[in-house]
Amino acid sequence: MFGEKAIELIRELHRASDGQLPAFNEDGIRQVLEEMKALYEQNQADVNEAKSGHSELISTIKFRHCSLLRNRRCIVAYLYDRLLRIRALRWEYGSVLPNAVRFHMSAEEMEWFNQYKKSLATYMRSIGGGEGLDLTQDIKPPKSLYIEVRCLKDYGEFEIDDGTIILLKKNSQHFLPRWKCEQLIRQGILEHVLS
Amino acid sequence: MFLSDFRKEFYEVVLNQRVLLLVASDVDALCACKILQALFQCDHVQYTLVPVSGWQELETAFLEHKDQFQYFVLINCGANIDLLEVLQPEEDIIFFVCDTHRPINIVNVYNETQIKLLVKQDNDLEIPAYDDIFRDEEDSGNESDESEPSGKRQRFEEEVVERTMKRRQRREWEARRQEILFDYEQYEYHGTSCAMMMFELAWIMSKDLNDMLWWAIVGLTDQWVQDKITQMKYVTDIGALQRHVSRHNHRNGDEENSLSIDCMRIAFEYDLCLALYQHWSLYESLCNTCYTSASLKLWSVQGQKKLQEFFADMGLPLKQVKQKFHSMDISLKENLREMIEESANKFGMKDLRVQTFSIHFGFKNKFLASDVVYAASSLMENTEKDESGTDNFIKALDSLSRSNLDKLHQGLELAKKQLCAIQRTVASCICTNLVISQGPFLYCYLMEGTPDVKLFSRPISLCLLSKYLLRSFIYSTKNKRCKLLPMVMAAPLDIEQGTVIMVGIPPQTESSDKKNFFGRAFEKAAENTNSRTLHNYFDMSIIELKMEDRSKFLDALISLLS
Amino acid sequence: MAEEQEGSDAGSEEVLLTPAQLIRSLEQAWMNEKFAPELLESKSEVVECVVEQLEHMEENLKRAKGGDLKVSIHRMEVERIRYVLSSYLRCRLRKIEKFFPHVLEKEKTRAEGDPSILSPEEFAFAKEYMANTETHFRNVALKHMPPNLQKVDLLKAVTKPNLDSFVFLRVKERQENILVEPETDEQREYVIDLDEDSQHLIRYKTIAPLVASGAVQLI
């Protein structure tokens, strides 16, 4: 049945829950494009035939055209949904993506990601006319100025403002200003301790 | 130096600074730490918390952080050695030491600038006078500078006499100093709980909360469970805490707006000292609590029979008693305490009830202070998974918060296993006569391959085992002299490295003052025999020893103490 | 609130707002943006003034001596305002990314005097986003497709904001004779009056112009 491969692509994304990015299905895309090429060529041939009198082919042509449109729609949906997931990664992980994720991205998606990063950075720097504002911080409303965090992995030295350095060793606990910890909490180095 | 005004001389000093907290690995330290953390969080004092389990970790942590912090707070460690000598800090670094270990090292007592002791000056401190220990080195150098030609010979003779007098005085002074120091440092013991000291700090700042009071109670109870303080001190401290409990938890009977059931309340209890009994079955608890199992001699057949008689005497059917405590018939649970006390008296157990406190929040959650102590310390010394010491420390610290009930329950289960393991080991040691008298002390060695021996490679568990074993031994032996002896116990620590862990505990008598001389004795014995020992634990009476050196070490110890 | 700042200027040259009023208008813009289904008018001056205000407050805080309770409270205030501002701008960015073809189209077909829904920087961002995405589609798939299928109309492909979604609002200025369109065939259009301080649940499309004019506040 036409469009089967295309629907497979969609299903694959649907199965990957929670915004996870599965590996780029280059094979799948290629197969759909091939199917489209085949359909198109068949249609080309039939159109010529129909023009010379075989009007019973018109429904077949129409049918193939619908399949072509459907295939295209699936492909574009697949690509677009992946872009949305990749965009979410910028907001969650920061500008450096973890390796596991990068392996699942195609070269073009990487390019899109880099462009997006740049656009976003330019925009954020332009806010307010001064130094700009980092919109990837302050994701949650601030409850308190300082929070207690626990170090989950050995990280080494970490500099907070005015030059003071903190040594982050596994299982040490620290009471620090909230905004300094946000980045490390998102990276999984620190864990917010609620007691 | 001792601080008299904790608020002005400690808290307000660190208020706008960053502080490093070095916390020892026992429940009292954890509780003190929780209280201090709560205070610091309230006032936005930035701190870093590093758990330390011995002198090596303390030193390492200090070296790693000494460039970033100026103020260090040591909780339940550091008082009994010369900190400045060991750590060699820069001159501007200040240590605040809140520690129960006694005697406090004499240098720590008299240093005015860098060592600040957050310690209650109990009247049993007996600090030697300054002049007996320290002496200005004024008249050692200027012996022969003057050269007066006239009357030289006369002067010379006088000088010689003077000099010899001074030298003799000096020698006498030094001898006396040695003696004083020896007496002072001979016996190790423990002072007022750190958690209680921190609570007092919170109280004088009017920042004390019910939660902090509970932690102070748990800290004190830890000292009692580990047999670190005398009965009298325990009762006195309970009295002091009772006043705070009344103040925080006082509710008029006829007040309309009583507290919601979810709020936390602390209540005074004169409850049974049966370990974990409300979270276990009465039967199991009786079998696994040292006091009852030793008194009834449960390792023997007659002991088991006596146990049945005990229950029969109280009219409690075995089926009921072996059920989970919560499922026991309510009619049986009424007046349970008085009933058990009465029967226990008949069976020679006069001290089955003890003054303590319990905490309530919500409908299901009620815990005695001792429950929390057992849970937290078993979490801290958990050998089940291969987790590092600091992982366990964090778990134990978390279990003290009311929002981490799952960890507390996990601790309770672990504690039950641990208590059962202790009882089994005690029973087997008694039955196989593993406890032998070496003359001045009793000795017991757990061989590798003994079941649960891994559990006893940890200091607190091993100490608990030794205390239980000693108590049971006292009940089991007929030898009157042996009943008054202290005990040394050893267990394998690391098979690969060939080390054992050894603890020494004082004799158990009615009027014991809990003072322990094994710390110094171990040091001396190791010195005399060149044994390879590691005095890493904050308690001097717990050491690590190479397996091969065991016998010569013991021989030295025996001759030292005879 | 930031009323006790000594010597703080209003910031903007045209409109003289006290800091308190400035923050209030930021919060109103934020709530409107959060609850409106479409991208609303761009409030660049408010954003600029708030950023300036924040810088001013930060400087004051740096000069103040630590440990004072007031310092903690003011710092908390700075954090809160920064959060509201970030949230507001993030909300707008998300809508721009979500409806990018429509947003750009609306901007392109905007009449001369109408206010812009995009700030110049947002406009640049939106254009880059669109170009980036189009390039991506083209390079990965479209250029390998049959010639008559290589052009995708993004206006049709990307969802439009649902202007029929319902929103809660509070009326700030009394409105009369608002025409409510019927939802089903059985109903007919009717007219309602909106009294001051009353709260309503109504379709966004009906009151969209009132949001823009500030006559109602979305909640």
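Going in written order, the chains are labelled A, B and C, and every chain counts its residues from 1.
Methods note: contacts are C-beta pairs under 8 Å (C-beta built on N, C-alpha and C of every residue); 3 or more make two chains touch, one makes a residue touch a chain.
Just so we're on the same page, UniProt names per chain: A = DNA replication complex GINS protein PSF1; B = Cell division control protein 45 homolog; C = DNA replication complex GINS protein SLD5.
Nothing here was measured: the structure is a model prediction, and the numbers come from that model.
Engineer: Among the chains, which is located farthest from chain A on the basis of C-alpha centroids?
Structural biologist: Comparing chain centres, B lies farthest from chain A.
Engineer: Name the two chains that are joined by the greatest number of C-beta pairs in contact.
Structural biologist: Comparing chain pairs, contacts are most numerous for A-C.
Engineer: Calculate how many whole Å lie between the centre of chain B and the centre of chain C, each centre taken as the average of the chain's C-alpha atoms.
Structural biologist: So the centroids are 62 Å from each other.
Engineer: With chain centres taken as the means of their Cα atoms, state the distance from chain A to chain C in Å.
Structural biologist: About 25 Å, centre to centre.
Engineer: Taking the mean of the C-alpha atoms as each chain's centre, how many Å separate chain A from chain B?
Structural biologist: Here chain A and chain B have centroids separated by 55 Å.
Engineer: Residues touching two or more other chains, restricted to chain C: which are they?
Structural biologist: 72
Engineer: Listing for chain A: what residues touch at least two other chains?
Structural biologist: 145
Engineer: Mind pulling the residue numbers of chain B that touch at least two other chains?
Structural biologist: Where chain B meets two or more other chains at a single residue, that happens at 44.
Engineer: Can you tell me which positions in chain A touch chain C when the two form their complex?
Structural biologist: Residues 29, 33, 36-37, 40, 68-69, 72-73, 75-76, 79-80, 83, 87, 106, 108-109, 111-112, 115-116, 119-120, 122-123, 126-130, 133, 135, 137-142, 144-145, 178-179.
Engineer: Taking the complex as given, what residues does chain C use to touch chain A?
Structural biologist: The contact residues of chain C facing chain A are 47-48, 50-52, 55, 72, 75-76, 79-80, 82-83, 85-87, 89-90, 93, 97, 121-122, 124-125, 128-129, 132-133, 135-137, 139-141, 144-146, 149, 152, 157.
Engineer: What does chain B use to touch chain A in their complex?
Structural biologist: 18, 37, 40-41, 44-51, 64-65, 67-68, 388, 390-391, 393-394, 398, 401, 403-404
Engineer: How about chain A: which of its residues touch chain B in the complex?
Structural biologist: 145-146, 148, 150, 164-167, 169-177, 194-195
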